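Labels for the chains are A, B, C and D, by order of writing; each one numbers its residues from 1.
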Amino acid sequence: MTLLRKPWIWAWIAAIVVYAATIAATAGASAAGLAQAAFTFAAFSVIVGLGQMFVITLGPGNVDLSIPATMTLAGTVSLKLMDTADAMALPGLAVALGIGAGVGFANYALIKALRIPPIIATLALSFVVQSAAIWTNRGLRIKPPETLAAFSTGNLWGIPNLAIVASLLTLAAWVLLERSAWGRRVTAIGQSLPAARRAGIAVHGVRLSAYVLCATLAGLCGFLLSCFSGGAALNMGAEYLLISIAVVVIGGSSVAGGNSNVPGIWGAALFLFLVVSMLNTYGFGAGPRMILTGLIIIAVILAASLRGPASRGM
Amino acid sequence: DTSDKRIALSNNYAGNSWRQAMLTSWETVTGPAVEAGIVAAADAFTTAENSATEQAAQIQNLILQGYDAIVLNAASPTALNGAVREACDAGVTVVSFDGIVTEPCAWRIAVDFREMGRVQVEYLADRLPEGGNLLEIRGLAGVFVDDEISAGIHAGVEQYPQFTIVGSVHGDWAQDVAQRAVAGILPSLPEIVGVVTQGGDGYGAAQAFQAAGRPMPIIIMGNRQDELLWWKEQKDASGYETMSVSIAPGVSTLAFWVAQQILDGREVPKDLVVPFLTITQDTLEANLETTPVGGVANVEYTLEDAVAVIEDAG
Amino acid sequence: MSDAPALLSVTDARLRFGEVTALDGVSLALRAGECLGLVGHNGAGKSTLVNVLNGGLALQGGSLRADGQPVRWDVAAARALGLRCVFQELSLCPNLTVAENARILHRGQFGLIWRAEARRLAKAALDAVFPGHGIDVRAQVASLALAQRQMVEIALAFAEAGPPPRLVILDEPTSSLDASIARQLLSHVRRFVAAGGSVVLISHILSEVLETATRIVVMKDGQVVADRPAAEFTPAGLVAAMGSTAQERRRAERGAAPAAAAPLVVHALPRGLPVRVAAGEVVGLTGLAGHGQTELLRALHDRLAPAWAAGRRPAVAYVAGDRRHDGILPLWSIRRNLTVSALSALTRRGLVDERAERAAAEAWRSRIGIRSPDLGLPILSLSGGNQQKVLFARALLAGAPLVLMDDPMRGVDVGTKQEVYGIIRAEAAAGRAFVWYSSEIEEMELCDRVYVFREGAAAAELAGAQITETAILEASFAGHPAEGAA
Amino acid sequence: MRPTADLIRLAVPFLALGALLAGVFWLQPRAMSYTGLNLLFNLAVPIALATLAQMFVIAVNDLDLSMGAFVSFAACVTATFLHDTPLLGALILFAAVAGYALLGVIIHLRGLPAIVVTLGMSFVWLGLAVMILPAPGGAAPGWLRALMTVRPPLLPMALAASILIALAAHLIMARSSLGVLIRGVGGNERSVARAGWSVLGAKAAAYALAGLFGVLAGMALVGLTTSADANIALRYTLLSIAGVILGGGEFVGGRVSAVGAVVGALTLTLAGSFLSFLRLSPDWQIGAQGAILILVLALRLGLDALERRGVRA
């Protein structure tokens, strides 16, 4: 029963229910294939979701809207640099991560120096980053090196490699959030920035590192996604703006900051992928499919509130 | 004589390779035209986000800047009518292409998107006389092009009732979105013999089929270089056969010349039609050769081509 | 006193929060024309009782009567009776102006054209309680100093609007007021009571209660342990009734001032004297509230606490005054709140050593007496005074050589205060330096040196035996007509 | 008199607007006319309305991620039902406003995070819009088209409408008791409840107002564009949030300004125009929009410093 009180359990329950409903449509024939697909694609959502979670934990108004543009720029530039040469795989990865970190620095520089709300700063910067991505090669789609393509689409004992990468990152994020002093500080800042400052936390350093971490993960995700899907496209990150926020909040982290959890991100990422699959499988048209997606999201959050601890009240 | 006339390109989206190719073609054709003194200016304008309202505002600004003609790839066939009307009232010539507008005062260079959908099924019927199950990949819900192509596909299926569409997903004209959507529905689908698409999504579908270990159906391609390359590889390896169809981005240059002709005083019918660009098993190699790596198969138009199109229509 | 039924009475009130018994059979009657002083240690249940009387908390046992009749008691019923409440935690809307807050607080009072009326009402209320207050009723509450906010809240509680005020409950109203303003309030309370009103005054400043109350009720661990006319109590008797073993403070406790020691920090202000602090010294900041003391502490903290990269050992620690705003971390447990400033020391290879954390927190719990069955409970489950103790413990646990304190004794009970004074002296003797702002002048007598602030600058410096209430008041008002000193 | 914090806060959007307008006039003197101003601003009217709608939600410390989808939905209803069967159309729009109020009630009663609920609702509104108009189309009701294209003397319609809208919203938000109550809930929900008000009612009212202004935004949009599609206003979600913030609003604490929000919306609209007058390379046009946004917000920097000095003195 205490499990039912965990904020993240509802995303997992929803994912499992939706999964069962989908394979029911084919009398179980699709179970393994669907699970594999779900874990593969959830991996991307998880990677950006983890970064977004640390940023959202920083408190109201903190959200990184530059994730899609960062993914695109990191994907385009690194693929262009590697130019299908296997030997360039590591430099390519380094460049993707470097671009992410750079965007993260720039994000926080704007937030700090100009004192503009993060939501606006990251949005504004994302336009600039997107332009840079267009400028670098005008959207030409270069193929990834053979080994990287094989790795990103491959499996290990039936588990998608990407899911393994995302799981390792999840574990690291969990340790960081729940066990490390840095995670404590991020959480403290999210509850009250002035109180955290007076408690002696180096608030700017911590916030900066959260933004850099988030953008770096976005860069990594862009790199993996473009290797996975055979090249970087200018609009390849677009979907991940909403997804990165949705997996965090559906996963049971508080949108007001200061109270986040990691397991929910996986549950929510699987859920978001599976819900679309389910509705596609049942043959819903675009309109009803979107309506049902929305209603199911609300139902999940409602169910969580009926059983979980009351979130209001001082 | 149009040497003192100024023409603007109003574009609502720059986030994919098709639009980038469109902008590049515009540059390569209008640059020399301006140098040669045929027109005084031919500037390209792009909105930050793909939205009709932002494009309407852009058109209003172009009116204010005193352009003599606006060449328009519209975000919506109807939502810009207000702004287009204002342009016409201000004496500005408006020529729409690809995304055309319904406002009667504007010219339209249309592609028969419906036919583009129908020929896909026709081709499949030719290849697979006994028919079978089809998967449909659609574009962005609520957009004119998506609705038209899909309507054409459904008309085709009615014409060749040996086919049934057993699944339909939205790929938003993006490889990675299509891949994600197909991977989600594929496990629950029966054997698929053909995939009908809207362009820009064929490679993603192929990747999803490959990852799921399913037999490769006939996937209609969309003239993207990576699609063509993949097709070529399959063709060389196993004699894979398919077709590819899409609209050539260079149609922007046709629209430019049409606008120039109208400004020059020529009588031009309001509705012109351009053929879509089809690539077949035989023309694959030739097209692949001329398509830039990572780009889109393209045709650019000259003044003479434009005059021919106008005369055909007249 | 009179045989008229009590305005409001509770009988055998019982209330539990989980494992904590906040009210354990409290019986109390409030009559017209009396000022009831309510005292008791931190966590005794005073604020909980206020919330019950106000209709905000439902009783789990016992009954409540209004004007002698049993009633369905809720916020609306309480307001209809004429009950007004000033809560321990400030509860104005900071984003609204003073006048708009008046609009919110007095619900049924206004018509469609309410703005001018609300301004008039707020101004009249402030003028009545705090003559010469200097508060613009069109100003946003957030732009007011803490003391001014408290003044507004108190004045609005006495305002003539809606059902006339018959019973006003003041939960630690003077905790952020300086002495002269507090005196204005207390005289207003006396006037109000003389005119037939009834007041409940909760305060840890016993002299205030003894001076103002007509009857005093002492609470201890959720029970009433004494209920007698005020005249029957002496200060010592009151402290004894509260069950506090603390002694009256002795000046002798003050350590020998390290007069010529090299200063740890010197902070120059644009005007006035530079503030210097040496290791092992307790430096007081005083003067009227809102004259730059808090700003000085903040500036010092901003200067000494790195905002980009913290070292392993903090150079400075801070005890917040406005605990709601820059003190507690509301979603966390008591333990996490207590250890947050000492994380670096409690970390092994980047990870928090939870065993060491537990041990450190437990040590401080017993040293400073935090009343809670489990430090894993949320910080908000603590009473106001106990929250303040956690903040104090947090600052000392941080291990910084310099501790800045912004009126840290707000709402802390007498017994604990004595213990905390002892801790401060002991830590100072061990070489730690304190900079201590307090709104209570007597506390300054525990300092080695004090700076008296006036208009944002340190106007005077007093040391050792020079530190007396008279000297401080003199320096505070120098250059002013003695408006508040009378 | 010393400028109050509120006034300084409000000065930011006005200054930004003035600076951009000066830039536009300098680049394109033709804009300095009745028609010019109308062309520059008329698409700002629906954005201003959507921004106000968002402002009501932000005032109670929530955030509405479905505003763009909702305005699209309202636009689709306006271009179809309201045009073909006005009574049914009005009924649907009314129901949509009621739906918004209900949303506020559910969010409050269950203590749900508004962001997630509105995220879900954005799919619902978009789905409904796609079902009403699977492809772009519909037509603006004649009276609406006429209303959005009137040419009042002296002041272009776009500016006159913006002023009227700002005034109306200001009266609701700053002058009426309801507005004080809504902001009070944003500032300190608990003390509002302690004073005997219904916080539930205040939240329902705030959401209903948001729904109402959202509907008006959809209608105004259709009046200008003459037709609708399901994706027509998706951008309004972010634009409306940016407008509120630019107008001096804050995400928490009930600090919002109606006049500021309208001016913020005008500023954002103008920022786009300013760029097209600069004639940048298409590669950098998108990026330049970001740069403008940053520059405009940087104005806050200087004024914030002023505000802080004001508070301290």
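Just so we're on the same page, a contact is a pair of C-beta atoms (placed from the backbone, for glycine too) under 8 Å apart; a residue touches a chain by one contact, two chains touch by 3 or more.
Everything numeric in this text was worked out from a predicted model, so none of it was measured.
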Pair joined by more contacting C-beta pairs (C-D or A-D): A-D
Whole-Å gap between the CA centroids of chain A and chain C: 45
Approximate Å spacing (C-alpha centroids) for the pair chain A, chain D: 29
Interchain centroid distance [CA atoms averaged], chain B/chain D, Å: 34
Overlap residues in chain C, where contacts from two or more other chains coincide: none
Residue numbers of chain B (touch at least two other chains): 14, 23, 48, 141-142
Touching two or more other chains - residues of chain D: 126, 129-130, 134, 190, 285-286, 289-290
Pairwise chain contacts, counting only pairs that touch as defined: A-B, A-C, A-D, B-D, C-D
Partner chain C, residues of chain D touching it in the complex: 4-6, 175, 177, 180-181, 183-184, 186-188, 190-197, 253-255, 311-312
Residue ranges of chain A touching chain C (in the complex, touch as defined): 175, 179-182, 184-185, 187-188, 191-192, 194-205, 208, 254, 258-259, 314
Interfacial residue positions of chain C with respect to chain D in the complex: 54, 56, 75-76, 79, 85, 87, 91-96, 100-101, 103-107, 110, 114-115, 138-140, 142-143, 295
Complex interface listing, chain D residues touching chain B: 28, 30-31, 36, 39-40, 42-43, 46-47, 126, 129-130, 133-138, 221, 224-235, 269, 272-273, 276-277, 279, 282, 285-286, 289-290
Touching residues on chain B, where the partner in the complex is chain A: 14-17, 19-21, 23-24, 48, 138, 141-142, 167-170, 172, 174-177, 179-181, 183-188, 203-204, 207, 210-212, 224-226, 229, 292-295
